[in-house]
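Right after this note come the structures.
One chain, chain A, links the two complexes that follow: it is found with chain B in the first and with chain C in the second.
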Partner chain A sequence: MARRALGRLGHLLFVLWAVSSLTFILFRLTPGDPTLNFLSPSFSEETRAALLKGFGLDKPLWEQYFIYMNNLLHGDLGQSFLQGKPVAVLLADALPNTVLLTLVSLTAAYAFGIVAGAFLAFRRGGVVEAVSIPAALATRAAPEFWLGMLLLAALAFQTGWFPTGGALSPGREMNSFADRFVSADFWWHLALPALTLMLYLQGLPLLLMRATMLEVLNDEFIVMAKMKGLSRWSVVMRHAARNALLPVVTAFALGLGASIGGNVVVETVFAWPGIGRVLVQAVQSADYPLAQGAFILIAASLVTMNTAADLAYAALDPRVAVGAKR
Partner chain B sequence: MSMLSVRDLVVTYATRAGPVRAVDGVDLDIPAGSITGLVGESGCGKSTLGRALMGVLPEAGKIAGGQIVFEGADLVALSPTARRAIAWRRLSFIPQTAMNALDPVQRLRAQMLEVLVERGGLGKAEALARASELFHLVGLDPIRLSDYPHQFSGGMRQRASIALALALEPALVIADEPVTALDVIVQRQVLDVMRNLQARLGLAMILVTHDIAVVAYACDRVAVMYAGRIVEAGPVADVLENPLHPYTMGLTHAFPDLYGDDMTLVPIDGTPPSLLHPPAGCRFAARCPFVQPRCADEPPVMTGDHQAACWRVDEAAELRALAATPATWLPK
Partner chain C sequence: MRSASAILRFFRSEPFAVIGGAIYGAIVLVAIFADGLAPYPPKAILRVGARVARYLPMSADHWLGTTSSGRDVLSQLIWGTRAALAVGLTAAVAVVAIGTVLGLLSGYLGGWVDKIITWFADIVLGLPFLPSMLVLASLTRPGTLVVILSVAGLLWPNTARVIRAQVLSLRERAWVEAARVTGCSTGRIMFVHVLPQVLPLAALYGSVAIGWAILAEASASFLGFGDPDTMSWGVMLQEAYANQALSRGAWNWFAPPGAALMAMVLAGFLISRGSEKLLFPKLAEQ
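Showing the complex of A and B:
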């Protein structure tokens, strides 16, 4: 198991290296040079050259690449063109908001989806199924921004029960995860975006759980469990649900990685100060270092969660033993 | 005295076209302390019968009539709770393990303990000792208890299933195609394990199989099933050497004889009847070379120790002579 984890870690590091190199190349491929993109084109040739020199952009590409990689390894993602702060600081400010939003909504979505999916598989046929499957599908298929706007209209603008945007009431400030956790104000702001995301995310685990559960319930070892006279609880939970959970765990970890970058829409609708919103703003204002940093962060979290899913899967399903016995 | 008496058992599967009578009026007696082979071709209802005895049928299946009297109680009439009390403690099952019959994500130890603790009421330490003992009994190293099913070979999985089936010292074990997925060498090893333990523990066993060789090797008695009914039953030697039913005669010619001379294998022409609308009389009538007018209308009945459901049982000796000629079985 430890060796396997180590192998996976090596794999992870390689992918991270590839991702950051690709990002480096992609941003060098953008038309024009940074001076034209973020500074006035009316600069004189000398000023431009001085600026390029200042950013190190006059050096050969390979040297730039080494400087970039070296900085990356030291956690230095450069300076935001627009805000003049280090990119790492800006991202570090936004990351806890995104992580908490993702964790809360994803956990709620999967907890709900797994339980409801298992229940629907268990009680196949009938009115409950005829109502809940289309409902789950509809919320899954509805665009997030539309769902978010409906919730905003109903629960924020009409009734005033929830704030219309942001992560904190004006004048309040938070720095750490812990600050946020104990703040009722933060949770109050989190409610609507998290609910929107949860409604959007619950369909996948629900349908996946139901489908695999239906498959597993027909498996021979379930028949055997019934023949053994085991309690219904043992049959359904210990044998059926445990086996049906495997693909759902993978989906969860992948969803976690994807959501960190994929919350762009919800974060925009609710003006939620997370990574997605930072990315959108950076792209809109051609703030390349910030956009580049956000990209790398999103890619890194996706790849990391992929690896986590792989390891979790192996722990849950002993048949997946890649590299364990060679 | 039989420990299990099945009387006029009917099991149907609901289909769009109507109920299929997979088991249709089966009478069967299983004496204590013996192995009875239940043999028949695919789709004859032998596995369905085995599952009906265990009380676990697929969703579409149900017991539509008859009695299963086991140790004095009619299992068909029993409440689910009373049924569960008997399950595995008195009546257990050996599956064909190639079909994923062991939970793939749990160690064998957990699967043994589950039965021993939850159904057997043993303490954990006791259960662990018993699990090791059972593994030993079926010829597995107790160290393998910490393995997962996928780390076992086919033969080992089958042994583990036997250990599970014997865990609570049942009175009757139903084995459904227990050696079908194994190669002949391992088949023989597993059959030996089953036979030894059956004799040692004095239990009764029903061995469901499509393989006459398995019946000849391992069983004391045999019941031949055809199209949802038992057509012939009796001691193995009698039935296989002096078959009374034309179907059994046909079967014995359709299998190669390991020790005998070269023989021509003769298939039985045709296919079994649809169980959606089974024929009124003898179900083998359409394929039987010795068919008579009354066979099509009246179902024959069985009587005696070695018995067959055929109107011409009294002429069996002559029919056997005829059946030994391949020409008899040629399509008309």
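Showing the complex of A and C:
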């Protein structure tokens, strides 16, 4: 177990290094130099040179790479071109909003998906299955931002039940994240984006839970439980469901990593001040340090959660030969 | 008569796949006959008398009403099928081609080739899909080409992994051994003998990749990184969102393009689910 964990950790570090190097290369592919995008033409050549120097862009590429890597290791992501604040500060402001949105919607989606999936495995065939499986597939097929637009039009603009965007009502200021967390206004704003994501995300756990349940129901220990004369419901819920949860737990961890980056469109639709929206705005306004920082943060969470999912799976399922040769 | 009953039998056993196929068939037909079917040119600014026909509700003249700039929604929707098919098919073919070839090489050759490809796949899987596409689009030139390249460059590892696993088991079969003994070159065994065996699986992944590609194009367009000159469903949704269609309750404008996107992606899911049973009969027994 320890060896496998170490191996996965080494692999994680390798991928993190590769992804951040790739990011470095990617952001230097830009035609021209980045200052052209935010300098007005009236700036003198000296101002431009001073700015280049300030951002360390006058040095040779390999030196820039080492500075970049060194800064990254120290959590220094540079200064935003446009907002004049450190990128790390801007990201730290946005991250809790994204994490909260992701956690709330994923938890709701998986709670619903697990129960509904187990129920569908319990009741095979018939009208319920014929309707609910295509419905689950359809919610996965719909573009997330369109689901958001439908909910926004129906529940915010037409009925006025929910706010039309943002994280707080206009004029309200929150000093700390803790203040925000206990404010009803914040949760009221969270409701629609979270509902959108939940609708989009529930299909996967539902289908996964149903499929693994059907598989588990054929296992020997289930036959045994049946022979012991336990009720069908008890067999399904207490014996089968527990074992069927494994892949679902793994998918949850993977989903956590993926949604932090995947929230991009939903955050944009609802003007939710999270990492995804920061990335979109930074990219649209050619604020490269900020875009680069947001991108690295999103990629790092994805890679880390992938490793976590892998380890969780190995830890939870004794059947996975730990450290076994592939 | 016989073929009709065969179709009926297929429909009974694989209703999902048939419905998915029917949706695709309909979209292809609409795309081919878009010029004839669309009641107006998709970008024409229509007028009522001297005024621009903005935000018209649904009517006999405009089945799905008009946009904020006086364009016919139904005509745009019909023309959108072409963009969706073009992006979806190109990207899916690219994903499947890259994934299949790399999976085949990695699984059949093993050794350091396998190691390098697997490493490479792991790195690509560490790149978040939409953010990577946005960054690529902003650093180069926004448009359809970037979308297709991103989909191809970022989604191949999923196909490659499955193909690799399949090839690992195929290469131990007796007929591969037989081909080797008769003196077939490695390349010939891989591409003439093994490749055809994994193509159905590759096609399965392709039908899902079409959906991902179309959703990727729609998301990119919605975020402003698509090609504004292409008449795509994503561009329609972006225009609707940016021009207060939501606050005006112009459902006739923003509901249809999303529904069309959903239908097309769903068709891919349904086909892959249906053909999964044909390809892996063991699953069907459960």
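We adopt the following convention: the second predicted complex is superposed on the first by the 292 of 326 C-alpha atoms of A that agree within 3 Å, B and C clash if a C-alpha of one lies under 4 Å from a C-alpha of the other, contacts with A are read in each partner's own complex, and residues count from 1 in each chain.
To be clear about the criterion, a contact is a pair of C-beta atoms (placed from the backbone, for glycine too) under 8 Å apart; a residue touches a chain by one contact, two chains touch by 3 or more.
Small disclaimer: the values here were computed from a predicted structure and weren't measured.
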| item | value |
| --- | --- |
| Joint occupancy of chain A by chain B and chain C, clash or fit | fit |
| First, second, both or neither for A:G125, with chain B first and chain C second | neither |
| Partner chain(s) touched by A:E215 [first = chain B, second = chain C, both, neither] | second |
| Touched partner set for A:L137, first chain B, second chain C, both or neither | second |
| Touched partner set for A:G75, first chain B, second chain C, both or neither | neither |
| Chain B versus chain C as contact partner of A:G160, first or second or both or neither | neither |
| More chain A residues in contact - chain B or chain C | C |
| Which superposed partner A:K226 touches (first chain B, second chain C, both, neither) | first |
| Partner chain(s) touched by A:I298 [first = chain B, second = chain C, both, neither] | second |
| Closest approach of chain C to chain B (Cα atoms, Å) | 11 |
| Residues of chain A contacting chain B in one complex and chain C in the other | none |
| Chain C-touching residues of chain A, taken from the complex the two chains share | 11, 14-16, 18-19, 22, 26-27, 29-30, 134, 137-138, 140-147, 149-150, 152-153, 157-158, 164, 214-215, 218, 258, 260-262, 264-265, 268-269, 276, 279-280, 283-284, 286, 291, 294-295, 298-299, 302-303, 306 |
| Chain A partner contacts - residues on chain B that touch it in the complex | 51, 54-56, 83-89, 92-93, 95, 99-106, 114-115, 118-119, 148, 150 |
| List of chain A residues in touch with chain B within their complex | 219-221, 223-231, 234, 238-239, 242-243, 246, 316-319 |
| Chain A contact footprint on chain C (complex, rising order) | 16, 119, 122-123, 125-132, 134-140, 211, 215, 218-219, 222-225, 234, 237, 240-241, 245-247, 249, 251, 254-255, 257-258, 261-263, 265-266, 268-270, 273, 286 |
